[in-house]
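Working notes for the structure below.
Going in written order, the chains are labelled A, B, C and D, and every chain counts its residues from 1.
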Amino acid sequence: MDKNSPSLETHVASIRMKNPVMTASGTFGYGNEYADFIDLNQLGATVVKGITNVPWPGNPMQRIAETPSGMLNAIGLQNVGVDNFIEKKLPYLRNFEIPVIVNICGERLEEYEEVTEKLDGTHGVAAIELNISCPNLHCGGMSFGVDSKLTHQLVNAVREKTALPLLVKLSPNVTDITVIASAAADAGADGLSVINTLLGMAIDIKTRRPMLENVTGGLSGPAIKPIALRMVWQIYNTVKIPIIGMGGIMTRDDAIEFFIAGASAVAVGTANFVNPRAPLDIIDGIREYLEQNGITSIGALVGSLQT
Amino acid sequence: MDKNSPSLETHVASIRMKNPVMTASGTFGYGNEYADFIDLNQLGATVVKGITNVPWPGNPMQRIAETPSGMLNAIGLQNVGVDNFIEKKLPYLRNFEIPVIVNICGERLEEYEEVTEKLDGTHGVAAIELNISCPNLHCGGMSFGVDSKLTHQLVNAVREKTALPLLVKLSPNVTDITVIASAAADAGADGLSVINTLLGMAIDIKTRRPMLENVTGGLSGPAIKPIALRMVWQIYNTVKIPIIGMGGIMTRDDAIEFFIAGASAVAVGTANFVNPRAPLDIIDGIREYLEQNGITSIGALVGSLQT
Amino acid sequence: MQPYISDQPKKFDLVTKILANEQVAQDHYLLRCVCPEIAEGALPGQFVHVLISFESAMLLRRPFTIYSVEGDQITILYQLIGAGTEVLSHLSCGDLLHVMGPLGNSFRIPPNLDPAIVVGGGAGIASLMLHAAALRKLGVRTLGLVGSVNAARLLTVVDLEGIDVETHISTDDGSVGHHGFVTEVLTQILEQPQVHELHNPAIYACGPHGMLRAVAKISRTYRVPTQLAMENRMGCAMGVCLGCVCKIRTPDGGFEYQRVCTEGPVFDSEDIVW
Amino acid sequence: MQPYISDQPKKFDLVTKILANEQVAQDHYLLRCVCPEIAEGALPGQFVHVLISFESAMLLRRPFTIYSVEGDQITILYQLIGAGTEVLSHLSCGDLLHVMGPLGNSFRIPPNLDPAIVVGGGAGIASLMLHAAALRKLGVRTLGLVGSVNAARLLTVVDLEGIDVETHISTDDGSVGHHGFVTEVLTQILEQPQVHELHNPAIYACGPHGMLRAVAKISRTYRVPTQLAMENRMGCAMGVCLGCVCKIRTPDGGFEYQRVCTEGPVFDSEDIVW
């Protein structure tokens, strides 16, 4: 690599990444789906679809709907379960050098603990992302992430079960995100993923039925970027653990905004549905931006907002 | 009016409107600005820009920024103050037959009371909309709207000062909007305006400065529609007082979604900036929709979501 | 034989100039563009995922079946449904389009098939044309049942007859052919196996949800193996968002949600849980 | 004389077909369309608020000064800045545009003005052309100071000379005319009132924020009455969102935020608080 070209290397807690761009949970499957478009080794890291203790069937259809500059989803965490994940999905991911972060979810605290125990020490798992913000579960999921006490309890419990780097994925559906962020940090989180989807809804005026069978779903995409940026910035000014910023990142410029606001890394989500090469385009773009602006490392950009 | 054509007449509390479409506070000035495009008498009602006890200069520029399918604003409630409003702005509005709803704001509870006292019994004021959700004040404003106790206190205090219909405008920047809605209803609100803007932020990556001098601002426009709809629906299923739905309504179809979700009336905001005839286009569209679907009155549409 | 993991040709995301985008029937347009890599791998029943513009407030791509492949060109035949197809119909020759594909599995041809019965409702016929052409190339006798709202919307009958498909038309208003649903025509044909020489028939159908459901019922009654091309709302079309799923029977008597974009769009009729 | 409540001509929001949209210099385009009602009322310095498309994720309109009025047609001269002007530049003859206007106040002409000095930086000159034309029609001697990054971006010099405006060019790279800022040329001219016969001069300027600030300083030093056309980010352009404000001195020695879209875009230089 040319000596004067800026360094994209980043650390999130003890997770070392060759660049600060990862794929967001639930938007990149288990890595193999995009093989025709993306060499996984070029990513900073990948976060797999949310995993639960036992396989989940997911919600009935319709599960998604388009909204202005965004989309709603109510997938309901359809997933093969942690055992099948370790047995059938993880081996493929082991072929690559990038950190594999496993997003986990559950309805009860014990489920989170069980999944964590199974993943802890499993070869090929670089970190755990605790999803306390899934808006599509009727119990569990988001209900943890909107209560600072429950957040502290859950993070604490999971922390005890593993030495792996522990990321906590926060819900934006709260009055004060910094309170939840602090609770997670105090309970031993190594980093924060900000943000998950906002709870939204859409209606088919022809049938007068909800666009989603689940009625409400999680809003993602460019529409939520201003809210995500604001939360990253609020948290950056409150807690000291690293932030993985996400929410509507489609282009290089979007990603740069998140770094300036205080994110140490970013995750690309819905953009993968629109542009299968989005993460790579963004990585190239970040390098270009750093060069153009004479910034030698991504670290120098993080939290550099002039107010 | 042709006998078979559906009735658009609506009541929000004791506010009688010939149609269910009003203009949202801060997006339609004091009514005269749009005279070249809109005959005020064709509107269901108009809500004027937020008024405070004394004139406010507002925030320094930049005050607005565009975001995907949305915009941020941090105007800081620049307004002429309640006395000038009554003296200079209200007389013009008295020339029309539509209800004039006055949006009021303040930093302290006492200010809300004072403004209310001045408006109470003033000829030409049909109702008061209590803005407890302005995201651009450093004290007051939103801080009331994100705390159910403060909301109850404030609504209660203002309720004592006036017999006018009292609408409370809720902030979406909360964990559970139904808690705030219930508090407002319990304290004597006659109706709820849902929603105000979401707190957001945008960054200029060339200068690495915030797009808004105030750093954060209120997000409005189509981007927030799914969130607004969800909150209207949640509130409709919780409290029994009428709801004025708003948030990203650009077209007839958007408005219809809000009625189906449970809004008795809708307010058109940011759309006024894009299409100066938006409120009238939407009124015509609603009549058309009712006709096409054989619905005889707007009331029959309200809350008709099939789940 | 499910889940339908077809050995997928490689996927490409191409930026291409529109060569033609013409109205071919009321509310229906035929769009042609150069997509060499996609044209090369495309199998009958596969689709492309089309991005109209990055500036648009319409975030997601739109899926359309590959209607025909000619050399390095492909065409799609689309119906005006909402805002996306509306915008698409306004694009003109020379405008850019992002086309991702080929995607999904494809129709399968059982041994000694005779005849193939392709049943298309509305734009559904678009998803069957490439398959019908392949069948004819293999010398398989093919009946084409085309249903439409009215004559003005009748599609591709010419194209079908051009490849010697014995077409049966039906319109809701009776303006052409059978006055009624295409499924009624299907029943009539299955009622007279001799007349129509149904030695070893199979049904391939695509169209509105209600019609597919009716076809499934009929095919169960007459015990004719049937493949349905499903059209669900899609996000990624890459198999990761799990937004496009269809309820599919599992051997254990239960069900699972399978991805129309990956295990589908073509499913065996009897596997679908309605 | 402030706030500048100009007696506003009636406003219209027209849907019009683009007649022409051509590049006239590097990164600069001239767009022409038929807007009879707007053309009729337009005053020098007024602007239109342009909606590119309702489908776009770019929600807001874009403001552009009316560059010229010819019969029932108007033109705007715009520079490529970001996504909006980018999209605008891709529109072609026949495409639809929503044009709202005429908006804002206009330049004022003091009695016995001689000469008028119009100072334009970059696309700023676009906001002065209609005014310069009006001045020349009134027989007012007019100097035109045009600043640009380089020769390739030089604008409207031809147009200015076409109406006998004595033009002074400056470029940042010295490729044409004075090597440096347009404000330096302004100073040179004001330094030699005899040479340039500055009997009763007034300055009209438009351009980047930094340049306007420099012009304000210079005009204070040389005590020349100056009007500046401000270009702030805009929401409604109707005077209701209060997003476009500019900090203006009040008689009581304080200040207030006035609306560039309504009290402006033209303000007296000495009234502006920088």
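Observations, loosely collected:
One rule holds for everything that comes next: a contact is a pair of C-beta atoms (placed from the backbone, for glycine too) under 8 Å apart; a residue touches a chain by one contact, two chains touch by 3 or more.
Here the structure is a predicted model, which means the values were calculated and not measured.
Of all chains, D has its CA centroid at the greatest distance from the CA centroid of chain A. The count of contacting C-beta pairs peaks for the chain pair A-B. Separating the centre of chain B from that of chain D, both taken as means of CA atoms, is a distance of 36 Å.
Taking each chain's centre as the average of its CA atoms, chain B and chain C sit 47 Å apart.
Chain D has residues 57-58 in contact with two or more other chains. Multi-chain contact residues of chain A, defined as those touching 2 or more other chains: 67-70, 221-222. Against chain C, in their complex, chain A makes its touches with residues 26-29, 33-34, 36-37, 49, 57-58, 60-71, 73, 75, 78, 221-222, 250, 270, 272-277. On the chain B side of its complex with chain A, the touching residues are 67-70, 72, 146, 173-176, 198-203, 205, 207-210, 215-216, 219, 221-227, 229-230, 233, 248, 253, 256-257, 260-261, 289, 304-307. Contacts from chain D toward chain C in the complex involve residues 55-58, 83, 87. Those residues of chain D that touch chain B in the complex are listed here as 10-13, 51, 54, 57-61, 100, 232-247, 255-257.
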